[in-house]
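Order of writing sets the labels: A, B, C and D. Residues in every chain begin at 1.
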């Protein structure tokens, strides 16, 4: 029992994770820049910045859905071990990193050629990394069932792992399509977040 | 009951929302820029920046009032469903976005012509979006009374929806007036926040 | 009782305030800028930036002490009314604003003449505003004793009001001295925070 | 008892500390800058920025490990005194400062000569300061055992102090090596965090 008490409680781990997610989602706004008056009519300037608004909306929505999934995961967990702790830290590292590829994608999405492809690829790769962290967390829980608050059936566990892998696979597909058409990839990235939002039957 | 436990608790949703609001309200300060020494006497430079201080104060006060209203809403709620979750995410998206239109408004409010109008319009539109999210949240609660902690009378629910709609309508009016006089709009935007602060008889 | 439940609880108000203070104290680091390699040896450049490090340390320490005082205040409070809510919002507005005068002071403290005086004056004025908010919060509590968790003697209340007023007065003095010697003012500002840290016999 | 109640509770001190750590760890992303399109192919530009990604990863991981250690410390503590409060504030000051030396190190790590050494030295010094704060917190707890939730043996206390001192010593070594080879130091800094992560047998 003494050993249990020395483990970080899920409460404080969730609070820390919530903090990182809330900050990452709010820092996205710093990617938006006020156009200088010398650059012409404000309305035109804001219109030209549409990729920044689109990328803001997509990443905001994606982090929001990640928060819901993170919550659904940790609600099932009663105890934390080191494997969970550092897998969660890797996940947070990916999410906290997201404002950067969002900014890169918004800057380069209209560029044809390799720059647009690299930008969309960096965004997609970050999303795949985050998806893989989620899968890895669920697999770890599957191998250490004693961490769970209540028992889960093999079937239920397989369901969440499959769902998380499907998301990662769609991100892979979107990233490959990004090689041809970065704007299509942006739409696909939004679609994956929507997929995760809509398939959470239990929320 | 198992299903209830898998829903995000209001506690964690409130903590996440509080985080986003606290960060958005504090990031506003990044809109203020230290004038370079080469631009002339510091006092004059700070004086010329008055729209940034005014916009900081108005947006800070507005987000503070939003926090009070958000709290009043979620205090009444015992259970969370998907509709509530994503309406709340849209609300947070609008609030987290606010530092950008605040910066745009502060930059362009003294400009005559269309730029000032576009800036005030963007600010007003964001505020209307936030107001509409609040109305939509209350309407959703009205349609799903089982989410409430304690029953609310039809009259009480109509009261909060009307109040929230009135605010959105005033923002619409302020945005239209902004087309003529952006500085008047800034005063009106402050007035709406004050209206919401003063009409909360129950706080 | 229903009315009490609709008030924001002190728990959530403290959490929101803690969030704003934690963010303001951490955003201070954004005032520090990496010197470009073209400006000469890094060590010299960092040495020349000493006012930024000094201002970072003073403001960090000051916000830390404010957090302790804020906590000591709200620990005594059981109920929240509108007067407390908006006085607290004004206090948070002052604290969240602090990274800006900190940056201005660091930029201009070595300048002789009026610019240095204006910078130190802005910093001192912000500190006085924060001090006045604390005094106003305690005076409000003194007029509405029913907000308190446990009764306080008139003497104890007078003690905290006097202590908070003394701090504001010292800030006023430091601000006036800043008119003559901005660097001395920076030392005095650190001294006031130290005074508040050391006179909290009950922590 | 009244005196105990006026002390900040560990709950609120932990929440405030978690906030600062969560913000510091998330602000690291602001060190990453989108390369302008005019600077050549995006992939080359991102490749050239590798020290920023490496420094991001090392500092992210280091702050994550600090969070775990901070948690392990405060879980053992039931009461807070002034010594603990201000030692913790110094610790937070060091951690909140970390995005700055991270940015300096990333900017200068490839530079030969004294600039690279100074950058790695600043980073190492910050890490040593943080390590010394941890040691000082544990020593303070050792001198005031009444702050502990449950008694600790002298041996257990000596263990944590030694472990924390070893880390600080390794940072000192890494800083000295940084004088010769900044890139090696970056690897060593990552190694120390890994050492702390792996030697926490009780998590």
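Throughout what follows, contacts are C-beta pairs under 8 Å (C-beta built on N, C-alpha and C of every residue); 3 or more make two chains touch, one makes a residue touch a chain.
Here the structure is a predicted model, which means the values were calculated and not measured.
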| item | value |
| --- | --- |
| Separation of chain C from chain A in steps, with touching chains one step apart | 2 |
| Centroid comparison with chain B (C-alpha atoms), farthest chain | D |
| When chain C is superposed on chain D by its C-alpha atoms, the rotation angle in degrees, nearest 5 | 90 |
| Centre-to-centre distance between chain C and chain B (centres being mean Cα positions), rounded to whole Å | 25 |
| Between chain D and chain B, distance of the C-alpha-averaged centres to the nearest whole Å | 36 |
| Residues of chain D engaged with two or more neighbouring chains | 15, 19, 23, 27, 30 |
| Graph class of chain-chain contacts, one of line, ring, star, complete, other | ring |
| Each pair of chains that touches, named by its two labels | A-B, A-D, B-C, C-D |
| Touching residues (chain side chain D, partner chain C) in the complex | 2-3, 5-9, 12, 15-16, 19-20, 23-24, 27, 30, 80-82, 85-86, 89, 92-93, 96-97, 99-100, 103-104, 107-108, 111, 114-115, 118-119, 122 |
| Chain A-facing residues of chain D, complex | 14-15, 18-19, 21-23, 25-30, 32, 34, 37, 41-43, 46, 56-57, 60-61, 64, 67-68, 71-72, 75-76, 150, 197, 200, 202-203 |
